[in-house]
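Shared between the two complexes below is chain A, which has chain B as its partner in the first and chain C in the second.
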Partner chain A sequence: MVTTKIIFLTVFGLAAIWFGWRVFRTSSMVRSALSLLTCLTILGLIFFVMQAEFLAVLQVMMMATEMSIMAIFMMMFMMDPGGMSGMDMTHQKNLSITLGTIAGILVIFAIGFADWGEIVVAVSDAEQQNRDLGMEVMKRSMMIFETAGTSILVAMIVAAATALPFKNKKK
Partner chain B sequence: MIWIITIIVFLSSLYGIAVLERWSIYREWDFGYPIKVFSGIFVQEDIKPRKHDPTFFETAPILFIAAAFLAIGVLPFAAGVVPAGIATGALFVNAALAYIMVALLMAGWAPNGVYAMVGGWRFLGQLIAYSMPIVMTITATVMRAESMDMLKIVVSQAGLWNIIYQPVGFVLFYLAAMALAFLPPFDLPQAGSELAGGVFAEYTGKRLLLFRLGRLVLIFSLSLAITNFYLGGWQGPLLPGFVWTFIKTMLVAASLFWAGSFTPRIRHDHTLEWSWKYATPAALLNILWVGILLLL
Partner chain C sequence: MIELYIVLTTGAVLFSIGLYGALSQTNLVMIMMGVELMLGAAMLNLVAFWRYLHPETYSLQMFVLVGMTVMALEAAVGFAIGTQRFRTKGSVEMEEASDMKE
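What follows is the complex of A and B.
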């Protein structure tokens, strides 16, 4: 059972890396956004394999919406969204590559040398996990989530308010 | 045996919805219509536009129908009969439906055609706006059941259906379902008279068949979702659970077609405006309303 899980995790992990790589191999904003969506959806499947059901479904759901929103905004505001005019939309390449490599090495070190404690073989069922998560959110982490929730709500109201046609009402 | 009944319920509902769709457009009952259309499109020549995006062009129809089927996967057909019962079923319905948006974004982009692209972006704007009311109204039903398990959500309505308990949530979910299935008056992404079929304009043959079939499955999944979230699911007197699910689902599907046939097509900016300015705040108030009722 554990071997099967490791096989799935490896295949999904490699697929996620592949699609993550594809994001930077295209000039089309839609292809890029959908490659990123596939990469992140596969991460959701990895959570499924690790029996974190709520996290998995949430990841799969949120990424579909978020990447689509990203695609529509890139289409609206990028100068060459289809990637057909041959525009190079990258910049500061050497700096990006250097920083990316350093960050990657640091992450690998952190994963390799962190004390992860004992590996948990059996996890509680999904229903119990949902309950535990709910308790966590509504007790210890309530302030953090309430602050985040209120901030998002304010942002939504502000976005709707700025869309109102007040500026056209000249007195 | 249970699964054979489930498949029969599903297929007969799909057939019924296809007949209803025909009726909603031409106002005539043609019971041979689904078979005629199926065989007609099945043998139609597959025409691909020049310079299309092959990956998206092939993936879009399959993803569209797969997403609609995935949503059905977690919805109950009778007491204890769920194709795939998961503890986060209610959230999963929304997750599966989100990929309808991705499929139509692909379908709009892939053919490299103007009508399809306009239709695709319209649909994306529409569904981003209406996914908010969908997820918020589902949250309110989850609050009442104190679980995301679909079976528990249906059981929580044993005393009083959610349509009475949270009527605002029902209206919002119903309208958002119409927008999600781009049924009239929310059919701008397809807009036959203006965009010549919109997202489906450049598709022919088996790919078009997958889209047409996928839309029927989508309407079925949304009708089944409304039945389970708001109309007490399989619960009802005398008749078996399967029969109640079938009757309720078909009535919801018929009402979706019927309601749309009396309303003019809504302008795209108005569609978005109504969702962001009115439906989303109303969905938040619905959550507050259910919270107050639960605390009383």
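What follows is the complex of A and C.
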């Protein structure tokens, strides 16, 4: 069972990295959005393998919606959404590659050398997890949850106000 | 232990790819994609910490929910700025956005 999990985690992990990398390697913006959608959906599958079923379903649902909207915005805003003209839309490439590589190496070193303590093998079933998460949301983390809800409301108002056209009142 | 290492390493690589994307792209929507990738990597780490280190601590799952909220908010506000920018300047290229500093 543990070996099966390791195989699934490795395959899904490599697939997520591959699609994450493809996001910035294709000249078609629509393909970039679909690659990101696939990458984040695979993260949802990794959540499933780690037995976090509720978060996995939430991740897949949210990312499917969000990335579809992102693909539509790509079509709206881009001069060349299909990438037919092969435009280069990057800058400071060397700096970005260096900083990305340094950050990755530092984090991997931290993972390798940190003392993670005892690893827990068994975890409660999905029904119990949902119950416990519900209790957490309604008790200790209620304030955080309420704040998140209010933030969404504020962001909706801000987004609508920002996206509306400015009216020039000067005559 | 090896399962934790696999998941955390996947998260680290995704984070570095996201950082590269956020720094190297000139288009607003592509920069947002890089940020989304970094947030996805952070959520992956949080779920791994919950599953393998503290499965009794549900505040870690709560933190993932907050992460998802942040992703949605970032997308909403980012697209709103992009829409306004496109409406006024006809482009969401960030190299042409130095006038926002003025």
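In this text, the second predicted complex is superposed on the first by the 156 of 171 C-alpha atoms of A that agree within 3 Å, B and C clash if a C-alpha of one lies under 4 Å from a C-alpha of the other, contacts with A are read in each partner's own complex, and residues count from 1 in each chain.
Assume a contact is a pair of C-beta atoms (placed from the backbone, for glycine too) under 8 Å apart; a residue touches a chain by one contact, two chains touch by 3 or more.
In this text, all values refer to a predicted model and were calculated from it rather than measured experimentally.
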item	value
Touching partner for A:E127 - first (chain B), second (chain C), both, neither	first
Touched partner set for A:I17, first chain B, second chain C, both or neither	second
Touch count on chain A, higher of chain B and chain C	C
Contacts of A:S68 with chain B and chain C, given as first, second, both or neither	first
Touched partner set for A:M156, first chain B, second chain C, both or neither	both
Touching partner for A:V30 - first (chain B), second (chain C), both, neither	first
Touching partner for A:V57 - first (chain B), second (chain C), both, neither	first
Chain C-contacting residues of chain A that also contact chain B	54, 58, 69, 129, 156, 159-160, 163
For the chain C and chain A complex, residues of the former touching the latter	1-21, 23-30, 32-34, 36-37, 40, 43-44, 47-48, 50-55, 58-59, 61-62, 64-66, 68-69, 71-73, 75-77, 79-84, 86-88, 91-93, 95
Chain B residues within the chain A interface of the complex	53, 56, 86-88, 91-92, 94-95, 98-99, 101-102, 105-106, 109, 121, 124-125, 127-128, 131, 147-149, 273, 276-277, 280, 284
Touch list for chain A against partner chain C, complex	2, 5-6, 9-10, 13, 16-17, 20-21, 23-24, 29, 32-33, 36, 39-40, 43, 46-47, 50-52, 54-55, 58-59, 62, 66, 69-70, 73-74, 76-79, 89-93, 95-97, 99-101, 103-104, 107-108, 111-112, 116-117, 119-120, 123-124, 129, 132-133, 135-137, 140-141, 144-145, 148, 151-152, 155-156, 158-163, 165-166
Chain A residues within the chain B interface of the complex	30-31, 34, 37, 53-54, 57-58, 60-61, 64-65, 67-69, 71-72, 75, 125-127, 129-130, 153, 156, 159-160, 163
